[in-house]
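You will see two complexes here that share chain A, one where it goes with chain B and one where it goes with chain C.
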Partner chain A sequence: MLKLSDVDVFYGKVHALKSVSMHVEEGELVTLIGANGAGKSTTLKTISGMLRPQKGSIFFQGERIDGLTSEKIVNRRIAHCPEGRRVFPDMSVRENLEMGAYVRKNKTSIRSDLEMVFELFPILKERSQQDASCLSGGEQQMLAIGRALMLQPLLIMFDEPSLGLAPIMVEKVVEVIAELNRRGTTILLVEQNADMALRLSKRAYVLETGRIGIEGLSKDLLQNEHVQKAYLGG
Partner chain B sequence: MNRITKIALGFVIVAVVFLPQLVNNNYILRLGILAGIFIMLASAHNLLMKVGQLSLGPVAFYGLGAYISAILSTRYHVPFLICFLIAGVAAALAGWGIGRLTLKMRTAYFVLVTIGFAEFFRLVALNWTDMTNGPMGITAIPAPAPWFKGYNLYYYFVLILVGLVLFVLYRLENSATGRAMLAIRENEVLGQSVGIDSYRYMMQAAVLSSFIIGLAGSFYAHFFQFIGPEILGFELTITIVVMVIAGGRATLAGPVLGAILFTIIPEVLRAATMWRMVIYGLLLVFIMLFTPDGVMPALVKGFQKLLELIRRRNSRSQKEVSADQESILADGLSNLVATINSSSAAEAAKQYGNAPVLEVDNLSVYFGGVHAVEKVCFSVNPGEILAIIGPNGAGKTTLLNAITRLGPITSGVVRYKGEEITSLSAHEIAKKHIVRTFQHTSVFRRVSTRRNLLLAHNGQEPNGILVNLLQTRELKQLEEVGRQLAEEILKFTGLERYGDYPANALPYGDQRLLELGIALGADPHLLLLDEPAAGMNPTEVDNLMVLIRRIRDMGITVVLVEHDMKLVMGISDRIIVLHHGKQIAMGTPNEIKRDEVVVNAYLGKVYKDVETVGC
Partner chain C sequence: MVEFFQHVVNGLMIGGIYALMGIGLTLIFGIMNVVNFSHGEFYMLGAFGVYTLFTMLGLPYLAALLLTGIIFWFFGSIIERLILRPLQHQAIDVSMLATIGLSIFLSNLALIIWDPTPKDIGMPFPLIGVEIGPITLTPIRVFIFVAAMLLILGSHLFLRYNRFGKAIRATFQDREAAALMGVNTGLVNLVTFSWGTAIAAIAGGLLGPIFQVFPTMGTIVSSKSFAVVIAGGLGNFPGAILSGLLLGVAESLGAGYVSSGYRDAIAFILIIVVLIVRPTGLLGKARRLG
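Let's turn to the complex of A and B:
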């Protein structure tokens, strides 16, 4: 479904991604782990068109998407749920969710998706008229996920959904991601909480200083000595 | 500054100084004098912009200076130099008054009040005919002295004046004041949290800026020997703002170039008669379109590129900057902690004894009907690591904000070493060596990593304008301490390789590390950390735990808000649990882990299999 081949990305002079190749199949839950600064967020930003690769190609459903602008990529139903609970602070919860469906036309299906998001996160329904800035951190994270869902995405990319959440909320987010995947959404998950990510996913890539270091089945990586030492805290 | 730049600058200075001899043309000299006045106006205006304030009333101070000088010299025959100084002081006083009235409210209000103030002065000048001659204006304003004849003298007078103004501004920009202003513009809250008194610096900028503008007004009156209410018009304000923005507001040279350009361009365009304003407008649009940061930075950038091209031709080998990095938290961090003014923290700890460092007594914070923090009581012992945990929205950050006075307190008392600090402001608390970090990464984003750490030390440096102008030895010594500290922090955080990169170019985790570096740079005795481990993987968290313990070992007391249970359970001496603003539990890690209420509200079932790392 998604395929990156030999992608190179630079931030100014900094060589952030070095010939990264990876793929995500339809219905899969794939995770990308790595240290800070290894290029995980950069990879997601490159896929969603916020950064342009200097070299290499990105294909989505057989069509080349690198070089397209972010709006065009969103139109292909790739949702990017960015790091750090980005919401529109001065809009209400409902307006935030409706922004997620900005590129969609069909009003009835938007409404039914809104109900679906409310069913998934009842707290958002309760607070649908409040400004997003009034929500607690965990609620904002749910809102960001909900907004990504409103795109009716074929692929969702999560960038550290557990960041700054209470343990009990992390559980909730994990449940939601697993549930989405069960319902058939393809997911690419970037997570510092490597243990959680590897338990949740089927396959995983390990990014090390801009290169794919290790790839394989998540259950194998959990046993991998190097991964344990570098990312799971020994 | 390299050699080529120096030579170029030398040529420019020689040309400017000998302009009267070189051209011997009154029209051009007159333009030169006008440009000089505009340079003063634009540079002074830029000073306010440097603290992030947009004034739309510089003409008020300009007009005030001009009218006071004109009235004093025509009616009361006061000698020029005295008029000139009085004009400056009067404008400075007006600037001080407006600052007192509006700078606490900031931005939008400040803009509106300055517009109103300028309009008020225009109406006074127009209607107080007894004093100002109304729309007729004041004529026959005497020259500075009877022997002041010919444009040459005026030209040199304004040249010296501009030289002095630029010298003062340059000195300030390269002192603690300049750095503090940069910090305020980039991230005012973070600035306050390391002890920078933003209100004071804004007042300094307002007063100095209006003083310079008042002087320029006085000079203008005595040069043209006629003034009318037109000089208080809105058009002039726009011209000044355009000069600053188009020239480039980030630099000292920007407004100078802007002032020169926009004095010359309208003159050149005179030939185009009816198309003049159209061309002028288009030119402005193009300048802003192609050099959004202003002409000056664009020129500098172009010049640097050219130099680099030349250099590259000379040596083909070019070093590639690589993002390669190992774990960001190097073991060497222990050395950092050793070099941080630990002596200061350790010394203070030794003298202080064993009584609680921080006491929070019945603290409540209400936002309307929301009780964010409700009657919280706890104390922190010296050398302790105290963790505050609780669900998202439980009021943890609100509590930290209340303690550091970056947020409101509804009732209750906070004491630091027995002294009540509830009534202090944020920067005063930082000066007491209580320093915090923020949940959402908070750094001076567009400033280089090294400079970020210099700014961190700024709260400990003197903030008087005179001290900074004279660059006293005491200031230099403190600056040196800050510089050394910055280098040490850079080295041992492993952020050294990023020294010259702007902070926002750093990967997220490194920005978090820089944030910690900034807090350490402010010389803390009590360090409040808001989710320091967010966005770190388990291995990095392990390193962070080592670091926090070492920070504690150097005599710094640590309070931390955190969701990472491995870190919390691993390093805390005691834990406080907040839920819906109320304190629901307090105890050692082992007590908290077994607390039924805490497990249900916060820890959840998954937590059961997490092992505690020995303390």
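Let's turn to the complex of A and C:
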């Protein structure tokens, strides 16, 4: 469904991604792990059109999408739930969710998705008129996830959704991601919490200073000595 | 007491114009990260636009005003596309220098087209004052205030409830996240700048009949608009409205009770005081829109 081939990305002179190749098949939950500054966020930003690759190609559902504006990419129903939540602080919870459906036209199906998100995260319904800045960190993460769902996405990319959350909130996030995947949404998950991510996913890639170091089945990576040392604290 | 209210009413009229200038400047800064030094020149050109269309060509005043707004909407779009867009990834001082250059160019262009002698637009409305209790209002002043308030209210409602207006607010709050929602942030820049330019031109066309029109008239208004924006909190929309109205009233009272010679100094006293007492602006919060 999604396929990156030999993608190179630079920030000025900084070579952030070096010949990255990876793929995500329809219905899969794939994890991308890596240390700080390895290039995980850069990979997601490149897929969603925030950054342009200097080399290589990105295909989504058989069509080339690198070089398209993020607006066009969103229109192909690729949602990107960014690192640090990035909700709109001075917009209400409801307005934030509506922004998630910005490119969609069908009002009735938007409304039913809004109900679906409220069902998934009842707290958002309770707080729908409040500004997003009034929410706790965990609630903001729910909002960011809900906002991504409002696109009715074919593929969702999560960038460190567990970052800075209390354990109980992490659990909730994990539950939601697993549930979304069960319902058929394809997911690309970026995490520093490698243990959690590898248990959740079927396949995984390890990014090491801009290169894909290891790839394979998550259960094999959990046993891999190097992965254990570097990412699982063992 | 009657005199006091008369000053307040007069001050609100000018203040409405400052608020109009301020919201454009503050939105352009908040959304595009551009400090627009040509905002006062757009105001001046708007006054000349109305002078040309109404006084010279004899169009009805309202039509002249409306047409001026439309012309400067397109003028703003051209400036955004040709000058600001190519600079959008540069440091903020690059676009600042560009708008300073543009302001010098525009005031000299006006000098060539309309020559330096001050022009009178002439009165579009009857001069008879309407007495409301002890306060006298001339129709032009009422019109200026009402028009300014309607434009501000319209902008507010647009930002609050319109789909694209919400996209502008989203871009203002987090440009990258807005792009991830599929907002065309380039279009947001274009519309913001065009709208700010049109509003500034209309402000000039509104106030033109009360004062004289000349090529350097934008300079002082420009400085005052900056004062309004800084006092209101950079990028703060309600703050700009509040401080615009406040400045108008303060000027009018200062000129009335102290000395009219101090009128233009009041804006700067106001920013100094506000910055000392509330460094983030009147409404406290640094950034807020709609």
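In the analysis below, the second predicted complex is superposed on the first by the 234 of 234 C-alpha atoms of A that agree within 3 Å, B and C clash if a C-alpha of one lies under 4 Å from a C-alpha of the other, contacts with A are read in each partner's own complex, and residues count from 1 in each chain.
As a working rule, contacts are C-beta pairs under 8 Å (C-beta built on N, C-alpha and C of every residue); 3 or more make two chains touch, one makes a residue touch a chain.
Since the model is a prediction, treat every value here as computed from it, not as a measurement.
Once the two complexes are overlaid through chain A, chain B and chain C clash, as defined at the top of the document.
Legend: residue contacts after superposition of the two complexes on their common chain; A:Asp90 is shown touching chain C, with no touch to chain B.
When the two complexes are overlaid on their common chain A, residue A:Asn75 makes contact with chain C while staying clear of chain B.
Shared-chain residue A:Asp66: touches no atom of chain B or chain C. When the two structures are aligned on the shared chain, A:Asp113 is found in touch with neither chain B nor chain C.
Of the two partner chains placed around the shared chain by superposition, chain B is the only one that A:Ser136 touches, whereas chain C remains out of contact.
When both complexes are aligned on chain A, the segment of chain C among 116-124, 206-214 or 278-286 whose C-alpha atoms clash with chain B is 278-286.
In the superposition on chain A, the residues of chain A contacted by chain B and by chain C do not overlap at all.
Residues 11-16, 33-37, 39, 41, 83-84, 135-139, 160, 163-171, 192-195, 209-210, 229-234 of chain A touch chain B in their complex. Touching chain C in their complex are the following residues of chain A: 48, 50, 69-71, 74-75, 80, 82, 86-91, 95, 98-100, 102-103, 147, 151.
Against chain A, in their complex, chain B makes its touches with residues 320-325, 327-328, 389-394, 439-441, 505-510, 512, 531, 534-542, 563, 565-566, 601-607. Of all the residues in chain C, the ones that touch chain A in their complex are 163, 166-167, 169-170, 173-174, 176-184, 287-289.
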